[in-house]
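Labels run A, B, C, D and E following the written order; every chain starts at residue 1.
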Amino acid sequence: MTAVVPLAATAGLLFAIGLYGMIGRTGLIHRLLGANIMASAIFLFLVVLSTRGIEASADPVPQAMVLTGIVISVCITAFALGLIRYLRVMTGEDELRRSTRDADGQSADD
Amino acid sequence: MIPLSPVFDVLLGLGLLWLAWRVVASRGRFTAVVLFMVFGLVMAIAWARLGAPDLALAEAAISAGITGALLLNACKAAYADPGHPQPGGPATPPPSSARRWLVYAICGGLGTALAATMAWLALGRPDVAPELRDAVSGHAVDNPVTVILLDLRGYDTLLEMAVLLMAFLGLRILMGHRDLAGLHPLPEGVPSMADSLVAMATPILLITALYLFWTGTEAPGGAFQAGALLGALGVMYRLTGRIEPLDHTPAALRLGLILGLGVFAGFACLSLIWSDWPLSYPAMATAGVALTIELAMMISIAVTLTLLFSGSAGIRLARAPVQGP
Amino acid sequence: MSISTVLTIALVVAGCAFFLAGTVGLLRFPDTHSRLHALTKADNLGLGFICAGLAVHGGSVTGALELAFVWALAMMAATVSAFLIARWADWTSDQ
Amino acid sequence: MDSFLMGAALFLLVNLGVGLTRLYRGPEPADRVQALLLFTTTTVAMLLLLAHAEGSPALIHVALVFVMLAAIASIAFVQLPHRIPEE
Amino acid sequence: MTDPPPLVMAGHTALLLGPLICGLLVYLLPWPRFRDAAPIVLSAGLLVVLWYLSGEMLGTGPVTLALGGHFAPLGIELHVDALALAMLWLTGLVGLAVNVHITASVNLTERFGPEGFRILWLVLWSALNALFVAADLFNIYVLLELSAITAIALVAVSRGPEAVAAATRYLFFALAGSLFFLLGVALVYAKTGLLALRGLESLQWHGPASVFALGLMTLGLAMKAALFPVHAWLPRAHAIAPSAASALLSALVAKAGVYLVIRLWSGPFDGHWPEFLGQSMAVLGAAGIAYGSIQAIRQSRLKLVIAYSTVAQLGYLLLVLPLASVLAWHGVIYHALSHGLAKAALFLAAGNVIFMVGNDRLESLSRGDHRLAGNAMVMALAGVSLAGLPPSGGFIGKWWLINAALESGQWWWALVVGGGGLLTAAYVFRVLRYAMAEPHPDDGRPDLPVKRLPRRMFWPPMLLALGAIALGFAGQWLVPILALGRPGNIAG
């Protein structure tokens, strides 16, 4: 199949773009979207690996891995959005402070 | 004449890259989210081009049905929730230019290295192991991806069901924060037109989901795609107010949440009776057992995804659907 | 070249033309409302023509029914979406 | 014939790429969502074309799923508050 | 390959799925008594199972199991050797202690707290057991995600903005970590078409791709384990989590990441990395020891001291990479075990302090109240093992590491171990000084009454701390077990 080289290279660059979103931005939604793009990049690479020309059937293992990965990433995304939302309600901020002072909160077993 | 498909693939790749760049570089949250939804669409085309219809189905159901709605909902929450700002000075200062350049350098270097490595590795990818081919082609279940998911790598799938459940329980723990009780995204003023669309879509979605579930053993489809589609139906119901949030989880929902994981884990233990290994299928009834597990997983996936979107401890059907203006 | 081939090509080309029109409308029309107007008509007509062309190409009745189903659903979804978005946009411009 | 269908899909892809500028430029949130709707329809058409060009009927189901779930985005969108601060 | 006896298989199934199924039952049937008793019964049962499996393994050597009967390259394999067995024991012991401790400690007024805590922890337990025996790269990825999401949720059991912020920070680190790991896995699969560690070990595929993949996976695991340069999330998350959860996170979850680094470097990737990479990993470990210890000395809150101590103590484990000898291998297993026991004891004891006094500021320790004395004893015992003073498990571990460093002529690592021990002693004795100090006579603070500590909260950390000490006496007796299944690069 012809799609192999361009899409594999795309996957590599996509990962870097997602990484930029994750470490270069401060807004948590942007960072989360960056992580999702990184995940998509890996999935794209895995699916490129599974292709085997027209006549032979594809390698099912990467496809199964990607299916598992998609479900896991939607779970993490949902959980992360919940955390981001509660963080916003509690602190009024959409980003994590880069402060170095000690965490002053109490743990739950007080 | 230049053959068309390489051109298509190159354009597809460039489109993906441009979209991804706009997603991470856009200023506004809402723009980023909408662009990310388009990214999901184009990703589905990529799966279709790469001969992975199973994944295209899952991507369609999850990105259009679940992730998109979740992200839009997060935007809404960000605009609607008042937030109680904490004293303690401004948030993070803008990053210094040295730090910015460092980030560019890391991403650029890694991207170049990865793109080269991946293209090189993809060209020389090894053949599928012959024993794997035999195991898949001689299996009672016809769809190779389903064989991997349910039998050969069934343990991963079991754990993935656990991840689903844990995502919900994690949210549930957050909801337990008493001081924030009642923080549910409530739909407001849903027009009757949307409601009638949902009413019409319900039977179609149900039939499609069951069809995907049923053909999953021999053709693309299966518990994940069907469950995600049903979860998307739940999202629609929640959006139009046909489902109301509850602040506790009724027993039936608890059962629905753990059904897939419970049946899978129970099967793993039971299989020690007829075999030396956990998670091995009885020789006579492989297809039947696989279908039972898939059914349980489909129900759990649908229930969990709906609850994850709803962001509440429980849900119930509204007595009278909301009729807006 | 058989008649069905010619028909398919004609229909698919027509469909593509409508999509092109939709995109041009999206880019060139001045305000949200006229864009909405242009869009919902153009792209669903385009999808309809492509479905018709593919139905001729496939040549099977079930395949054609499936395509018709896709088209009908798309029409429904587009109608409702356009209505909702127009109302939402109205609200914004009223304020 | 297959390459003709492929060509049509390619045309739609280019079309989509051009339309992206509207999505990026906005200015109204409604414009962005409209563009999203147009892209959904375009994607559906491309999937149908690819299904016939590559002889993979399962892709028609993918198109069907997209069509069925297209309304979710707009229903979720119209529940956003009417003032979006950052745009 | 000979099949193991059915009972061994059943035992491993119980380890992998028992906690998970118990968690599901607790979720389905949330009666308080069942909720409290079931995990304790389960952990006692699993310790019996572990005893049996250890005995079997002494006879048969390391075991390779295949889930569903599909050996590599078809399916998912599990591999149990001495290192895995040690970690399983650690998980079982810490698990038992935590299960007893939480019957009294997790806040009962929360609506979902007690129940949710148990389910999350039980599933986390299953995931950890599975991680320690995992021998398949993608399986490890799924388990990493499962353990991360449960661990983050456990941090979020605590209330307040700081807890949510700590959990969010943890989430983003864990997310990045698992993505890097998965990327490495994808590269390995692209190069070899294999996911099973056993298959990779027997394959010759040295080259830049394998080093690249190893680097990405190590980076990912380092983020999960909070190894030195990417440790930023750990202190806050571990300090803010409920103390029972902190015990689990520090003693087990963070360690699982380092465990996997060692597994990969010494197993399938042995011989792929040039010598200097091993040295530089150990340099990072040493930097972690220095940084974590110095930060621990500077903190004013007990749980932060213990959390920074985790950053430091994990660094020792990386020393096995350049040393690569039998003695170092044993030392690392020993260090992992005794650190796990001592750290869990310390966190549970810190939880007891919070329970009794209401906060964990170091000054609060010097109340001069006899009710704090028993708890101070626990901290002293655990601290002795942590600092590597004889006679304790920590001492043996560090002693073997120093000897291994001297034997191989890399004396600088012996200096690192010794210096790290001194720094540890510094922060341990700083804490103990507060605990032993007489309260200042004209200390203006109104002394709130110190709550009485239930026995269910006192004995678990006490026994863990005693266990960490007792390990010091069991060294010679455990050596035959430690010798089972050393990786290839550790010469016999």
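General observations
The rule is short, and it goes like this: a residue touches a chain if its C-beta (ideal position, glycine included) is under 8 Å from a C-beta of that chain, and two chains touch if they have at least 3 such contacts.
Predicted model only: the values in this text are computed from it and were never measured.
Among the remaining chains, those touching subunit C as well as subunit D are B.
Leaving out only subunit B, the chains still linked to one another by touching are grouped as follows: A, E | C, D. The greatest centre-to-centre distance from subunit B, using averaged C-alpha positions, is reached by E. Ranked by separation of Cα centres from subunit C, the top chain is E. When the interfaces B-C and B-D are ranked by C-beta pairs in contact, the top one is B-D. With centres taken as mean Cα positions, subunit E sits 31 Å from subunit B. Averaged Cα coordinates give subunit A a centre that lies 26 Å from the centre of subunit E. Distance from the subunit C centre to the subunit E centre is 58 Å, each centre being the mean of its Cα atoms.
Each chain gets a centre from the mean of its Cα atoms; for subunit A and subunit B, those two points are 12 Å apart. Multi-chain contact residues of subunit A, defined as those touching 2 or more other chains: 15, 23, 45, 49, 59, 61, 65, 68, 72, 75-76, 79, 83-84, 86, 90-91, 96-97. For subunit B, residues that reach two or more other chains under the stated contact definition are 3, 5, 12, 26, 29, 49, 51, 54, 73, 75, 86, 113-114, 117-118, 121-122, 125, 128, 132, 153, 156, 160, 163, 166-167, 170, 174, 177, 191, 194, 197, 204.
Within subunit E, the positions touching two or more other chains are listed as 110, 113, 138, 142, 145, 149, 152-153, 156-157, 159, 161, 164, 183, 190, 193. You'll find the chains touch as A-B, A-E, B-C, B-D, B-E, C-D.
Residue ranges of subunit B in contact with subunit E, taken from their complex: 86, 113-114, 117-118, 120-122, 125-129, 131-132, 135, 151-156, 159-160, 162-163, 165-167, 169-170, 172-179, 251, 254-255, 257-258, 261-262, 265-266, 268-269, 272, 275-281, 313. Those residues of subunit D that touch subunit C in the shared complex are 1, 4-5, 8, 11-12, 15-16, 18-19, 21-22, 28, 30-31, 33-35, 37-38, 41-42, 44-45, 48-49, 52, 57, 60, 63-64, 67-68, 70-71, 73-75, 77-78, 82-83.
Taken in their complex, subunit E has these residues touching subunit A: 105-107, 110, 113, 138, 142, 145, 149, 152-153, 156-169, 171-172, 175-176, 179, 182-183, 186, 189-190, 193, 195, 235-236, 239-244, 246, 299-301, 303-304, 351, 354-355, 358-359. By the touch rule above, subunit B contacts subunit C in their complex via residues 191, 193-194, 197, 200, 204.
Contact residues on subunit A toward subunit E in their complex (touch as defined above): 15, 22-23, 28, 31, 35, 38-39, 42, 45-46, 49, 59, 61-62, 65, 68-69, 72, 75-76, 79-80, 83-84, 86-87, 90-91, 96-97, 102-110.
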